[in-house]
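Take a look at the structure set out below.
Order as written gives the chain letters A, B and C; numbering starts at 1 within each chain.
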Amino acid sequence: MLAAIFDWNLAVEAFPQLLVAFLKVTLLVTVVASLLSIILGLVWAIGLRQLPAWLGWPLRLFLDFVRMTPIPVQLLFVFYGVVVFRPRVDALIIGVIVFGVHYSTYMAESYRAGIESIRSGQWEAATALSLPATRTWRAVILPQAIRNTLPSLGNWTIAMFKDTPYLIFIHVAEMVTRAREFGGMKFSYIESFTIAGLIFLAASYPTAVLMRKLEKKLEY
Amino acid sequence: MSTDETTQASAAQQSEASPGIIFEGVVKRFGDHTVLNELNFHVGKGERVTLIGPSGSGKTTILRLLMTLEHLTGGYIYVDGEPLTHKKENGKRVELRAKQVAQTRKRIGMVFQQFNLFPNMSVMENIIEAPIHVLGKSKEEARGRAQQLLDQVGLGDRGDAHPTQLSGGQQQRVAIARALAMDPEIILLDEVTSALDPELVGDVLNVLRDLAATTDITMLIVTHEMQFAQDVSDRVLMFDGGKIIEDAKPDVMFSNPSNERTKEFLRAVL
Amino acid sequence: MTEFFSDFSTVLPRLISEGLSATVYSFLGGAVLMLIVAVLLGVAMHQGPKWLATLARIVVEIFRGTSLIVQLFWIFYVFPQLFAVDLGSLWSAIVALGLNYGAYGAEVVRGSLNAVPKGQWETTTALSMPWLTKMRRIIWPQAWALMLPGFNNLAVMLVKGTAAVGLVLLNDITFEANQARITNGVWAAFGAALLIYLVIALIVSTLFRWMERRAQHRLGLWVKAASTTKATAEAVA
């Protein structure tokens, strides 16, 4: 049945177009936004621990709010919010910022768990040695915490990668948008959407397996 | 006489009845590591046998094989004449179906080192669960028997308690009652006092002594409590490297062992 | 500022009356299907014979690996072409959400079954319990308490995932907000939408936390849910 309907000629035609969109948009956004969220997440995590309470709880509130609301609405909100001031803004940049900030809230949680997994003896030893706070963080806590957090960060990055088609909401021509256009043009969607799915699978599955391996390795 | 016949003869001395448990050419390997190699021994019906020996000598594996918690690599185990997991058919070794295994398994109960009480149930519910859902007893019947058993292990008033509210020793006594509620012909005791604080060991052992004195359940015991082993056992088997290196009555085993390794081991633990 | 508030108070009821039902139906349908799929696939992966476990694993990896929106489009656009079945917008959304989050949930179920102590499994064997009795009476109640934090996170993600259903032509909150943007302004329209999603997510999350506490209380334990985010990260990757 599949063979009768699946047109290989269309598939061959669609593949290079989708791959280009994948490399130019999907992958680009994922890489830049994940870097942003890895850095921001750490900033939030340290902030939550070190800031005085009157600054800590608004931060906490902000992070929960961003984490619990949908990316499409956040994309639309920021995009049209910015368009008012800068009509020619590049939607791709908006996408990177929204994805970066959204997933940084998840990564902050992962960092927090990583930091909390460090035994109190490590803090106490640092205090006993009179290490200043910055040195304690940089030399003692973070190296251990990041080691514990690494697989989680990787996993959130994969999750973000699979969310990039949400860029369709702000009219960025990423891979799935292209696949829909292609399908609409040719009156057959099966080829382009199947290829889009396979490209996602081909990129995310090996990465996910790698993260599981990394996690096992880091456990010892 | 072959070793097989020797063990059979000594088992027959202990018990008039037919052998309750037979291990025949039992092999157990974990990957490349052979724990038991061509092991043969019998346990008579109603007999109390203690397995002693250094850790890693295969004692616990024997209990776990009997309880079908481990897969038998080679050989045969018979319970009351019935094959447990594998049978001989036209000279070939055939694995039994799960249903057949389950039938024979019902004759056996086990008490674990870590108690393993079900945390989602009260003490009473722990005990009546299997009698109701496995043996098909009515709730009243199961409760009556459970109360009797709780009285027997000295916890008659703790039926409504939650396992976490009990001490380790109390939990282990509930686990013993739970195993007995299935009316097993054979009970396997796997280091049942090893996880307990020293002051709680006595109560558990007294329950077991009482059980040995008042019932004719076949008992297979792995323990480090040598005094207890001496008190309740009909026979003691000394294991080393997956083999029985000495098989004797407890008074002989503990006062005048013949094997050098046994002497060494007993000197270290006594 | 007063303009914002007047816009906001116009938009909020409008979104609720015109967009809420599509969002809520997608969520409820998706959540029910998610639970069913997660339990079936998770139990199959953990308890099934080799062939079934492998099959379940393949299904899970395909749905985890190919992105919700691709699945949504596939079901909406390709199903009619392939099977001559048009599920329509709402059912396409429900099926896509349920299968996608169900695949993540299967990993949560499998992990929780795996986390039930070995001694509990062995004791059920020692008490000769049949498979169904063992799973239903002993293992599941314990695994359930372990999987609720994971399901909590997934349910919140599912609430957020419903924002995609506008792509298959459902007039949900996000779609209505984007319409309202033109008449009532960006801040009021999307502010109201975010607020509605937040409230739904909080309700769902509170409900799950209540169930979690109840399940843990029944086990007599108060497990720290420290490793939840890590486990969720593994599941959704």
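Please note the rule applied: contacts are C-beta pairs under 8 Å (C-beta built on N, C-alpha and C of every residue); 3 or more make two chains touch, one makes a residue touch a chain.
These figures come from a predicted structure and were not determined experimentally.
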Could you find the chain whose CA centre sits the greatest distance from that of chain C? B
Using mean Cα positions, find the chain sitting nearest the overall protein centre. C
Which pairing of chains accounts for the highest number of C-beta contacts? A-C
Between chain A and chain C, the Cα-mean centres are separated in Å by 19
Go ahead and note the Å separation of the Cα centroids belonging to chain A and chain B. 54
Centroid of chain B to centroid of chain C, CA atoms only: how many Å? 46
Residue numbers on chain C that touch chain A, as the complex places them: 61-62, 64-71, 73-74, 77-78, 81-82, 156, 159-164, 166-167, 173-174, 177-178, 181, 186-187, 190-191, 193-194, 197-198, 201-202, 205, 226-227, 229-230, 233-234, 236-237
Of all residues in chain B, which touch chain C in the complex? 67-69, 102, 105-106, 108-110, 112, 114, 116, 118-120, 129-130, 133-134, 162-165, 178-179, 182
Mind pulling up the chain C residues that touch chain B in the complex? 117, 119-120, 122-123, 125-130, 133, 137-138, 141-142, 218-221
Which stretch or stretches of chain A touch chain C in the complex? 1-2, 5, 65, 68-74, 76-77, 80-81, 84, 106, 109-110, 113, 116-117, 151-152, 154-156, 158-159, 162-166, 168-169, 176, 179-180, 183, 188-190, 193-194, 196-198, 200-201, 204-205, 207-208, 211-212, 215
